[in-house]
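There are two complexes below, and they share chain A, which is joined by chain B in the first and by chain C in the second.
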Partner chain A sequence: MHIFGLFITGYQVAFVAVAGLTVLAAVGVVLVPNILRAALCLGVMLMGVAGLYALMNAPFLAVVQVMIYVGAITTMIILAVFLSNRVMKIGFFQAVYNPLLAAAAAGVMFLFLLVTVANSVWVQGIVEKTPATKDVGVQSVATALLQPYVFPFELASVVLLAVLIGAVVIAKEDTADES
Partner chain B sequence: MELDLLIKLGLELGKIVVIAIVVLIFMMVAVLYMVLKLRWVIARIQSRLGPNRTGPWGVLQTAADALKLFQKEDIIPCGADKWLFTIAPAIVFIPAYLVYVVVPFGSGLTAQSLNVGIIYLSAISSISVIGIIVAGWASNNKWSLLGAFRGASQLIAYEVPTILAMIIPVLITGSLDLNEIVSSQGGGIWHWNLFHLSGWPMLPLAFLMLIIAGLAEINVAPFDIMEAESELVAGFNTEYSGMKFALFFLAEFAESFTLSAIVVTLFLGGYQPPLHILGGQLTGLAFSAVSLFWFMFKCWLMVLFIMWVRSTLPRVRVDQLMNLSWKALIPAGLVNLLLTGAYVVFWMPK
Partner chain C sequence: MHIGHIILISPAIWMAFAAIVVLLLGVVAAKRPDKGLDHYFPTQYAAPLFTAIGLLLSGAVVWWSLMLAGVTSQAAINGEATSVSATGLFVTSGGHAQLTVDPFAAVISFIALAGTFIVMLISLEHFGEHQAHKAEYYTLLMFAAVAASLAAAASDLIAIYLLIEFLSMVSYILAAYAKTDRRSAEAGLKYFLYGAACSAIMLYGMSLLFGITGGNTSLSAIAAGFTIGGAASSGIGWVAIVFTLVGLGFKLALVPFHFWAPDTYEGAPTPVTAFLSVVSKAAGLAVIVRFLTVVATPGSAGTLAWYWILVVLTTLSMFYGNLVAIWQRNIKRMLAYSSIAQVGYIMVGVLTAMHVFTRSGILMGAPDASVRANISDKLLPWDIQGVLIYLLAYLFMNLGAFAVVIAVGNRLGSDSIDNYAGLMKRSPFYASALAVFLVSLAGIPPTAGFLGKFFIFGGAIKIGILGSPELVVLAAIGVVNSIISAYYYLNVVRLMFFTEGECKPSIVGSAAANVAITISLVLTLGLIVFAKPVSDLTAKAVYTSSPASVTTPAER
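== the complex of A and B ==
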């Protein structure tokens, strides 16, 4: 339909709404003083990202995003907050000790991302103002992971294994200290 | 041209709203009856009479209870975090409602068939744990906080074995779409995944794992340590009353129907009739109706089974619960996954 002389599709409206919600929640994560509320904002933000995946016709990525990031990671963060009782009792203050340095670091990161995004091939889909027509199914994800990208995929799992073993080692040392 | 588009959009939205309302009404009615049935079943098992005063045989008992809940004062404790305390029941209830979107109630009776249906189910139901944690923390009550803490560790521990068990029939079928998993089990009881013994003998192990882990995921006895009334008053929902408590209650029973629906869909043939002559020869709308009946029938048997378990087994301790998941279910699930993967790649008849 036409609004203010611009041609706007329903898809664009939905995209802007979900993206706006995601950005708002992300701002909330940084600015909300209460740490549990900030964690909840993080949950909403991650749901927003899942919504964006769904809008881009990647349903598998969207549900996996919800399962891993919203269901597991956010819960883990909240559990960690529970364990650190001190943080929970005192109103958590998200201080910025050096605003100039923080702004500079964020600016560099933003520029880096902007350059990467602008130079990528997949920017074409956005230019055409339509969702990707081909449904990115489970099988194409599996083929991509296990054929051209099998090395980085396996490398990621080795890193995760190292983290797991590290966690076990740290936990073991703690029990040894108690006894 | 523009008007046409708007009318189409309106019709589409109207369809979505109607489906949402039908699912919601189904959920309410099912929960009302399940609560009544649970009280009857537990009473029978404990040699009591159970509710039998309100209406004929006591059938109006839960309706009366629900009415009482609506009239109750909505209390927010003065030490509580008002915002989080208010949204927590919604965070628990909404996922419990959203999972009904992909459940194949009958042939052609799915609100929205997704090609990632089974992952959608487990992803959406994993959200509700956040609501439980938030409810426990926002209440500012030590029983609530303890219950929430237990709940978080329990739900994280049991999500992995649930998914490991659900993957097995997915591997055998080769599809994540619930409708395809059901249609692959058509043709009689010996084609159902659980009884398909000429196929792959590890499926019953996955079935058992799904039931055990699923009971822990939906937080009913013997795994109800986050509510444990003899230890924690009522756990994470101790401070809740009125409508907010009703939402927790509704979500809990809705989840136990969802578990039944998942087990029936993955292992017990979904909406397929047990014998071909019991409705398999029908087509179109007639088959939809018959398949709806079979799905509901199997789900009610599963719901009765859950009630039987929860009224007979004693509650486990926290450490036993953790050991069961991390030391027994997850290793068994991983071995089963490996064996099933090898079977699918090397031996399964194509």
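== the complex of A and C ==
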């Protein structure tokens, strides 16, 4: 369709809608004083990112994003807020220090990146085709994980084990006779 | 990936295995603290003992593979004939390596393992017999060693990011390990918050790098992407690199990213501080060397904007670290600031190495065998070698200094520099050992620190006079800073030897601390005696490394 003489595709409308929602929700995360509402905004923002992935022809990534970030991480944050509220008697409100300074810094950074990204040379797939033009289904993700990226894939499990041990050490309440 | 290449990362695999054994042993020992194993063997030594065995075995493998460096063989990988040096390439499909286990990586691995070994010894002294979560502490320490030694070989963005994060996350936990101590908790939290922010920026930079070079994570493919279309000199190219350097600069505590360092170093348990200041930095430097030598390959280093950013950061690090260290009254804080300056010296070597690589015109991942064959006849004691030699020297002198600080601090219950007055009378061994380490850190001959500075600044001047005056200036700044640093290092020596303090009780540390100090002392003094073999070894490491191919002097 044509708006103000510009040709706009449905894809572009969808992109602007999803991206706008994501940015709005992200601003909400920072500005909403109630921490629970901020966490909900975070959930919306992460859903928006999942939508962007879906628009960029990466359905698997979109599903994983929803499952891990929205399903697990946001839920964990909300649970942690509830628990610390109950146990530690910490209020539900987040403090925003120097909002103007932070906004200025973020704005300058945004403009800087926008200008640089717009004025740069982008090399198009030199060694292999770029992922966007290929079928990025579950099967190709699995092949990538178990063939070229098998080392990081296996290493991730060691990382998780180490972090798990560390989390227990830090969080465990020590009884007097142990320490 | 050829299954036989698993052997190349076997040191890391063994370490991870030993870590899990220690963890399980801790569970067994905790269940029946008075009976069972304790009847036959005091379990409080089980965790350190297994750590030592794991480290020594892995170190031996690394050493053995280093001895074989330069021997190449042809191997077919995924149908392609590839030249594999004995320590070889860990090649994944498409010829791009996740890990490049070359001699350069082997030397850094060796530094990481040796460093962790000394940290283990001083942990015994610091925590004493009854340490909370002992098995977990040593497990995490070993995991950190695994991460550091693998990071040295990482040559793919995903592997680099994962290994840097692995090392960081274990370091956060170790820094907050003494959790009943408020300052330790603060140290861990501060380190974590700064680390998370810097790592997010680094990840963003890496994603830009991935994008501008055509969608590849392998460093060799990124280097190839940079040669096409001028991506390296375009705006987004250097934004990507600068953002990536933020994460690496954080690990090194280079000046604008150093805010966490003093508080974390002071608050964390001292052995952890020693680990962070040496092993963690060695791993960060290894990654930065690999990264810079790749992205610097196209064009000249001097024309790249971010090269100049690094020159400025290096200068700032040297001055800031030294000038602030002068005013410190706490010896741990003093060593923390001085380590910021020490990294500055090493970065001079890294920047020199960048120049050598840009002049060589050899792309990473495409080593030219004939060029390397030419070089092996006439080794030059310069360039990236200086980085490795300095790291070796820094490993022993800094860990040695920390070992004395722990032994003395444990007996005095304070880390104040004033308490070192008259230490000579209370413990001649510790006083003279600390004097040697501090003299070495200041870079005064005949110590290892002097050898390292000689190679780094000498190399910088040698490359610099060929048309890069900024390297000569950096070397001059380095020398000036060494003189500044001599002031506060030697001030401690003066206090120990020439001022009156309390004469008793005399200070006697545990056997573990004494072993650590003796090893460090022998190597700090001995490195200059073994200058030739060390230089040859590191030269071998540099000139036979596949990504680190260097040109002949004539071609420069």
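We take it that the second predicted complex is superposed on the first by the 119 of 179 C-alpha atoms of A that agree within 3 Å, B and C clash if a C-alpha of one lies under 4 Å from a C-alpha of the other, contacts with A are read in each partner's own complex, and residues count from 1 in each chain.
Everything that follows uses one rule, which is that contacts are C-beta pairs under 8 Å (C-beta built on N, C-alpha and C of every residue); 3 or more make two chains touch, one makes a residue touch a chain.
If you're wondering where the values come from, they're calculated on a predicted model, not measured in any experiment.
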{"item": "Touching partner for A:Thr75 - first (chain B), second (chain C), both, neither", "value": "first"}
{"item": "Touching partner for A:Val159 - first (chain B), second (chain C), both, neither", "value": "second"}
{"item": "Partner chain in contact with A:Leu24 - chain B first, chain C second, else both or neither", "value": "neither"}
{"item": "Which of chain B and chain C A:Thr116 touches, first, second, both or neither", "value": "second"}
{"item": "Touching partner for A:Val13 - first (chain B), second (chain C), both, neither", "value": "neither"}
{"item": "Partner chain in contact with A:Val150 - chain B first, chain C second, else both or neither", "value": "second"}
{"item": "First, second, both or neither for A:Arg37, with chain B first and chain C second", "value": "first"}
{"item": "Chain B versus chain C, judged by how many residues of chain A each one touches", "value": "C"}
{"item": "Intersection of chain A interface sets (partners chain B, chain C)", "value": "none"}
{"item": "Of all residues in chain B, those that touch chain A in their complex", "value": "2, 5-6, 9, 81, 83-84, 114-116, 119-120, 122-124, 126-127, 129-130, 133-134, 137-138, 145, 148-149, 152-153, 155-156, 159, 176"}
{"item": "Chain B contact footprint on chain A (complex, rising order)", "value": "1-2, 10, 34, 36-37, 40, 43, 59-60, 63-64, 66-67, 70-72, 74-76, 78-79, 82, 88, 135, 137-138"}
{"item": "Complex interface listing, chain A residues touching chain C", "value": "113, 115-117, 119-128, 130-131, 147-152, 155-156, 158-159, 161-163, 165-170, 172, 174, 178-179"}
{"item": "Residues of chain C defined as touching chain A within the complex", "value": "1, 16, 20, 23, 90, 92-94, 96, 98-99, 132-133, 136-137, 139-140, 143, 146, 150, 156, 158-159, 162-163, 165-166, 169-170, 172-173, 176-177, 179-180, 188, 211-216, 221, 224-225, 228-231, 234-237, 239"}
